[in-house]
Amino acid sequence: MQALVYNGPGQKNVEDRPKPMIQMPTDAVVRITRTTICGTDLHILKGDLATCQPGTVLGHEGVGIIDAVGAGVVSFKPGDRVLISCITACGRCNACRKGMYSHCATGGWILGHRIDGTQAEFVRIPYADTSLYPIPDGADEEALVMLSDILPTGFECGVLNGKVQPGSSVAIVGSGPIGLAALLTAQFYSPAEIIMIDLDDNRLAVGKHFGATSTVNSADGDAAQQVMKLTGGRGVDTAIEAVGIPATFTLCENIVAPGGTIANVGVHGIKVDLHLERLWSHNVTITTRLVDTVSIPMLLKTVQSKRIDAKQLITHRFKFDQILLAYDTFGKAADTKALKVIIEA
Amino acid sequence: MQALVYNGPGQKNVEDRPKPMIQMPTDAVVRITRTTICGTDLHILKGDLATCQPGTVLGHEGVGIIDAVGAGVVSFKPGDRVLISCITACGRCNACRKGMYSHCATGGWILGHRIDGTQAEFVRIPYADTSLYPIPDGADEEALVMLSDILPTGFECGVLNGKVQPGSSVAIVGSGPIGLAALLTAQFYSPAEIIMIDLDDNRLAVGKHFGATSTVNSADGDAAQQVMKLTGGRGVDTAIEAVGIPATFTLCENIVAPGGTIANVGVHGIKVDLHLERLWSHNVTITTRLVDTVSIPMLLKTVQSKRIDAKQLITHRFKFDQILLAYDTFGKAADTKALKVIIEA
Amino acid sequence: MQALVYNGPGQKNVEDRPKPMIQMPTDAVVRITRTTICGTDLHILKGDLATCQPGTVLGHEGVGIIDAVGAGVVSFKPGDRVLISCITACGRCNACRKGMYSHCATGGWILGHRIDGTQAEFVRIPYADTSLYPIPDGADEEALVMLSDILPTGFECGVLNGKVQPGSSVAIVGSGPIGLAALLTAQFYSPAEIIMIDLDDNRLAVGKHFGATSTVNSADGDAAQQVMKLTGGRGVDTAIEAVGIPATFTLCENIVAPGGTIANVGVHGIKVDLHLERLWSHNVTITTRLVDTVSIPMLLKTVQSKRIDAKQLITHRFKFDQILLAYDTFGKAADTKALKVIIEA
Amino acid sequence: MQALVYNGPGQKNVEDRPKPMIQMPTDAVVRITRTTICGTDLHILKGDLATCQPGTVLGHEGVGIIDAVGAGVVSFKPGDRVLISCITACGRCNACRKGMYSHCATGGWILGHRIDGTQAEFVRIPYADTSLYPIPDGADEEALVMLSDILPTGFECGVLNGKVQPGSSVAIVGSGPIGLAALLTAQFYSPAEIIMIDLDDNRLAVGKHFGATSTVNSADGDAAQQVMKLTGGRGVDTAIEAVGIPATFTLCENIVAPGGTIANVGVHGIKVDLHLERLWSHNVTITTRLVDTVSIPMLLKTVQSKRIDAKQLITHRFKFDQILLAYDTFGKAADTKALKVIIEA
């Protein structure tokens, strides 16, 4: 089969690889019908993740059709249409029993990272019963690709951890795909204010279109002052960090109100300064989280009931044989205005 | 009346001061029967708190008897015995309505800080209805002095914020009065393990006596490894920071398990490093809090029902005319083994 | 001043009464600019509430302008525009400190019940600091009358107690003003399904217009079957009882899914059957609540940010000298299609 | 193998039955080393549960050693010592993902009810990975038999649902094994008062010994008045119903304080009266629950760390060939003072 393979920093190729087989009785093999590219795939390609070995098929998102199941799989059979979680969950270990699938003792984020992923014709999914979700009849499968990773990440790490509430004030630092996913799902809770912060006016315009009540371009360096002004000097109840660098985390520290929450979503490469000399008495909460995807069943209901339009995030569509072009388009998002790209089989 | 007055960095005196009077209809004047000294008083004396003006009577803890009340006070009358909260709460502002008394718009921690405090014969208490608590008949008033600040602080900032649960594992970094207050109140929730960490073997022995399941002397620099060993490599569900310096906060970062919580109690003078390059994916929560003292009514019930022995924290007793000696004893805790000292009228 | 007085079962009159005066230092006197009529006022007039003495001025909702304040009132001064909570809260007692204002030791629902109410030119409000709310500049005061009672009741007793969540399923039994208030505020949480149930097709049509995803006319006696069919046999996560009779409570018992919640809002005159022989193993929660109005500040924000259109509930408007006509219109709601009527000074 | 078989109302026999075999890849077969008898087994024998067919091996509690596992079992292998949950959980369905194992789509309470149970030499356990728990080295296996059902039931249905808190007041109606299990586990949360209510003075004495702060014999018919007196007229924050008849549920309604919770644990055969004409405004919560056993891992930690002495519940011990005598002893608890009886292989 054809697959997009990471061959070391800066190197990716479409290669012919053997079709994956059932290795454990709890495995399934899924024929991919649609996948996408994540910012994390770009990180791997830059060589930022030493845990990803050259030779790995990339990709941890997608939908498809069950091709084969192991003897221990009870929920799925060949031909079933399924949504793939980016997180593999055994469903049995202590972490899984607490709903913290991201820290599953033998799973977690392994797809397209420690084992071959979804940017291929077929993929092997361990613990299929608890790592795949049935696709309801009549569902728009393209929209569901957004439920593999990006929407659960924005929702769980940003919105749920951030305790967004009716009438509350929210700032989202970073208006890229993940910040926008937080923006879309924050609206489940009807906050009074959602302030979108970014350096890129185009992305801010998208944020406004997606429901932000105001936007702040942080290029001028006075983003904190602007947020304080917008909130009558109080700061925000929830600050969602969706970038992953020290400057944006510091901005969150500067705009969170006493009693508020900083929900970190960004993937950080270096440490940040935590100003406890000021915050020790501010009754703030700071959270981190690798998405658990426990919210997929709930998100499926909101998509099916049209409470959220997940497809808004999709800007470009490609066939699998155009996957290198898809990477190119996604990689140059500032120019192409790409958010999420769909790659169809 | 006699009062202990802060006269600038390094200077304190017992002075004769006019008895405070009702200034607002919501005020009460309380005759102090017992007060104590807090680590924060020592900070003020070192000159660490610019917000405390020379000339201020120190002290924010104590019990006493109502001497006078303003026209707007409905819950108390002269002669009533009362417990004084270290936090003054108007009960009306947005922060107070949310139970975040520490951020009361016109109150918060003002006693012995921005207005004259309790280390005197009399003290004026603003918003008396919501800043004083009636003392039940037959209560041990000495024990109740521990409810003005130290026990609510250990409980609210450490135990509640730290989400201590039955069967969970807890590490408390710092076995001074505040760490021991966290230790005593953590046991309300029956954690399986409570590991006490300090540099001082005497304080660790006290921790063991107060209910710690194990102790770690951090002088050797391998405290994190020892905690990981004690927890089978998992780390702790709750790490309570009860010191207030970068090294102890970093220790907490190194021992908190995925899904766990770092509850900061310590008063920090400088920033700390937050290792998001590692923790971003660990599903951890970090909390800060200035005590709100909302737990005083609950703590009163636990003291009255003997679920907790608050007096264990009291090591020394003085008369008010010995208050300079009391400061000396409390200030040299490493030698005197003082935890909390009682100063009686 | 003119006031609408309850003079015993079936008897109400507009009478001339002395203007109320400050009695306690915590009182305010408010000049009413707008008030409304509640279903509970009709109950009093029927003689259902023995706790309401003949001679009482009715009404517990409204907005107005501060006319006078007692010495102990610190948050308001004459001329301030205020929203009146239907619940009087001392802010000091154990119940108030827990946010359960409805059970305030010396307050609770007393306005227009145990003391004179708001259907008059002036009203005395005890504990003004904690029972009144400032009206923001530029707010639509008519809309805010809905925040005195009906919206907090639908929200707190129905939606919050019912734990409505994104993607969840909700049934509201009773599409009168209170059921519709629950319907409007349930949408703060983006449930996937909201099924409105009533006997009156007009009210169901209003429900549909206000956001219900489906409606069931319960006249045929098969409402439970219809709800089970709409939910694929699962039943609803939240059943909100907004009528107050045994039949509607039983309907809730028949449609709540395992793990779900029945949130009672209705005022019941007689006991109901609780089918524990079936429900003991269904992991259900049943809640009751007299509104606490703790959500007024939050609701104010959602009204100000246009997350909710509170004025949708207002169907008729009268001047105070037409108040008897207003009662007539509200009392014959099946004919007049009245929901909430506004009475303007 | 030998097994205790239900042969229709009033009839039980020790019979020779074929050893169970693996039927599904997710099954395990366990050799029972210790089991016990539950009050529910007596209900089945009375013919109260039509869902239990004659011919069924009884028993849903126990510990044992893995004898065989299906191809899909990944957590256990022959020879492993395991604790059997009374609830079978697939770990995959919607209910299981929410932690509501009791309503597992294909599991739930099936052992010794819909399929053969644990009162035998061997038992087949479906979904072994998520229905069995590893026994830590050195654990007291007899104590762990209390974790199959009785302690999780008292804890989850009574204590957790009842929201027992430090300093709160609790009444437990029924001082039999299940009420005593609630009593033992309520103490995890350090309530100020635990009032035990029963008709049997011996069981009340046991309650006192197990930690109740007071006891009330309800034979005189004034139990409600006694509880109100003990609580200063306030009633209790938590009333745990551990009997299952209308009179005891009504007692809970009469003693629950405003804002409090009635946590039903009892198995009811007929409906009860819910006095909403009084309770509609009392802000109470009523919960029901079939145990989910999600608390087993936590309870294991509390047993291992000696926070609870689970063995206190064991009054009698028998060998398997004495199982009919064990039933006799357990069935005549009023005379034999039996709480839980252990049946050893």
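A few points about this structure:
First chain written, first letter: the chains are A, B, C and D, and each begins at residue 1.
We adopt the following convention: contacts are C-beta pairs under 8 Å (C-beta built on N, C-alpha and C of every residue); 3 or more make two chains touch, one makes a residue touch a chain.
Note that the structure is predicted; figures quoted are calculated from it, not measured.
Which listed pair repeats B-D comes down to matching contact pairs by residue number; over half match for A-C among A-D, A-C or B-C. Annotation: 41 Å between the Cα-based centres of chain C and chain D. Residue positions 297 of chain A are each in touch with at least two other chains. A complete topology is adopted by the chain contact network, contact being made between every pair of chains. Residues 95, 98, 100, 102-103, 244, 249, 258-259, 264, 266-277, 279-290, 292 of chain B are the ones touching chain A in the complex. Within the complex formed with chain C, the chain B residues making contact are 24-26, 70-75, 90-92, 94, 97, 99, 129-130, 294, 297. Touching chain D in their complex are the following residues of chain B: 165-168, 187-190, 192-193, 213, 297-302, 304-305, 307-308.
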